[in-house]
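Heads up, the next two complexes both have chain A, just with different partners, chain B and then chain C.
And now, the complex of A and B:
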């Protein structure tokens, strides 16, 4: 798999740094980060990343709403929820919103890598 | 244990609060070991009414919302939260001037991850508890009990100091879904 430009959305800067570090080790590139849903939409429009990791609980707009709005304008966007919420109803909401995958915190590099690879292999055909 | 008058469940006994607290403590113990290599020694529970809570050097607070609000607080000795931060941020480059901010974020991440995981054990199909974003209090102070609210506490001892977990529930019968469908929490 080629190196991906990835947008990381999380209101915790420390979590963003942790994900960025893991992505770097995997050979990917943190193209931008966002701390809110609104910011995520703007950063997506600006950078058109290959992949997005999206938190759910954030100030102002949550990750599920941000996912819906990004996908409305960019139906091919590859968005994976990375969240502490393990509740089934929350997972279903995210999938219904169009998320391609769901990773539960605490973060583990191997799981992050496996999920990105799986989603990219399954849905990444539209990415050159 | 279903409440036939509603779609959810009623929690008003110490047993239910105890199960919830045990699960939170269990996840906290795992987090401390996995993320910061900190082992927990003795855990003291107080599941009776506590009249006053003493906050330590740093506290993270989160609310869980169903039909009513429940508040959870994790409060840490300074040395302990510093140790947790060191483990949690291991390998990450952090500017000296940002350390205090990231210590607060560590506390916020920790309560968010633990509660997010615990609530999955108590979920009811089709509905999800809403979790607030964490609030951080950087000051040791005491909180008196609100009228008609109950405090439940657990204190965890480690070699780096102690942390306390407070669960603050409305005293009136609270329609929510805790106390059911709990899967194998290990302490």
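And now, the complex of A and C:
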């Protein structure tokens, strides 16, 4: 699998750093990060990343709304939720909004890798 | 009431016996005033530092901070114990927190937080939540498959029929305008005969992508039959739908198809009137399309 440009959206700097480290080990590239939903939309438009990891609870707009808005403009966007919310209703809302995956914290590198690969192979258009 | 230091010490002695992490933080300054032995063992001594930074790794007060719910309007303890779950990204553990505000012997309003590590329980719950997500994803995939035409990825006949029924109903109920466009690719049979079915399939796919690129998010495109498509256009009157059909006609006419190079299509349009139902609306669009076909093709019918 080729190296992907990834946008990490999380209001916790620490979590962003941890995800970024895992991505680097996997050979991917953190193209940008965002701390809020609004920022995520802007960064997506600017960088058109291959993949997005999206937190749910953030200061202004939550990750589910940001997912909807990004997908409205970019129907092929690959967005995976990485969150601490495990309630079934939240999970269903996220999938309904168009998320292609849902992972709970604490994030395990192996799981992150398996999910990115699976989602990219299933929905990504050009597999190298 | 005079509270002696001994009472504070008593509090601390009590906290030290409890086998969970406990810390005290000043409600106003958010500085850690005390940690019990259990917590110091796990996290080191963080007394004097800001709770959000040293415990949770946040640059400012945590979004989930419950302090404001522990005090009343005069910033005095309201005696409520708040219990909540929280993931700590610093040590990657899940905690159930029991928090309450109290008046410390020196008069400061402080919060004590008892943190019970529930990581193992959460691991089980989280696996369940991830399973829910997998199931929901599979369901959505199945829904998509049963609603789309496999070749073109436009809605299939079944789904577009259903969408049209819903839109007709909605337009009638709320007195909104609604129009449809019927599209038939001109001389499509010749493509199949001359170039083979694979090329025919390619033309269908290319037509669908031209339509998708030149229609709005609110329009629904469905494959009606072999080389026939239908677009349901909510909030569109007869003038609007004619403009839209004419634009699509031009885009198709100008498009450089990969093998056949040039291809055109004929269009029928119809706008819902109060007397119409779904069937009569389709009939009107069909008649309009028939007119276009009989008047030289590559045009929008009356």
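Please note the rule applied: the second predicted complex is superposed on the first by the 125 of 128 C-alpha atoms of A that agree within 3 Å, B and C clash if a C-alpha of one lies under 4 Å from a C-alpha of the other, contacts with A are read in each partner's own complex, and residues count from 1 in each chain.
Going forward, a contact is a pair of C-beta atoms (placed from the backbone, for glycine too) under 8 Å apart; a residue touches a chain by one contact, two chains touch by 3 or more.
Everything quoted here is computed from the prediction, not taken from an experiment.
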Which superposed partner A:86 touches (first chain B, second chain C, both, neither): both
First, second, both or neither for A:21, with chain B first and chain C second: first
Partner chain in contact with A:11 - chain B first, chain C second, else both or neither: both
Touched partner set for A:72, first chain B, second chain C, both or neither: second
Partner chain in contact with A:101 - chain B first, chain C second, else both or neither: second
Which superposed partner A:117 touches (first chain B, second chain C, both, neither): neither
Those residues of chain A which chain B touches in one complex and chain C touches in the other: 11-15, 18, 57-59, 84, 86-88, 104-106
Interfacial residue positions of chain B with respect to chain A in the complex: 31, 34-35, 88-89, 91-94, 101-102, 105-106, 108-109, 112-117, 119-120, 123, 125-129, 131-133
Of chain C, residues touching chain A in the complex: 57-59, 63-64, 86-87, 89-90, 92-94, 119, 122, 125-126, 128-130, 132-133, 136-137, 140, 217
Residue ranges of chain A in contact with chain C within the complex: 11-15, 18, 57-59, 72, 81, 84, 86-88, 91-92, 94-96, 100-106
Sites on chain A touched by chain B in the complex: 11-15, 17-18, 21, 57-59, 83-90, 93, 104-106
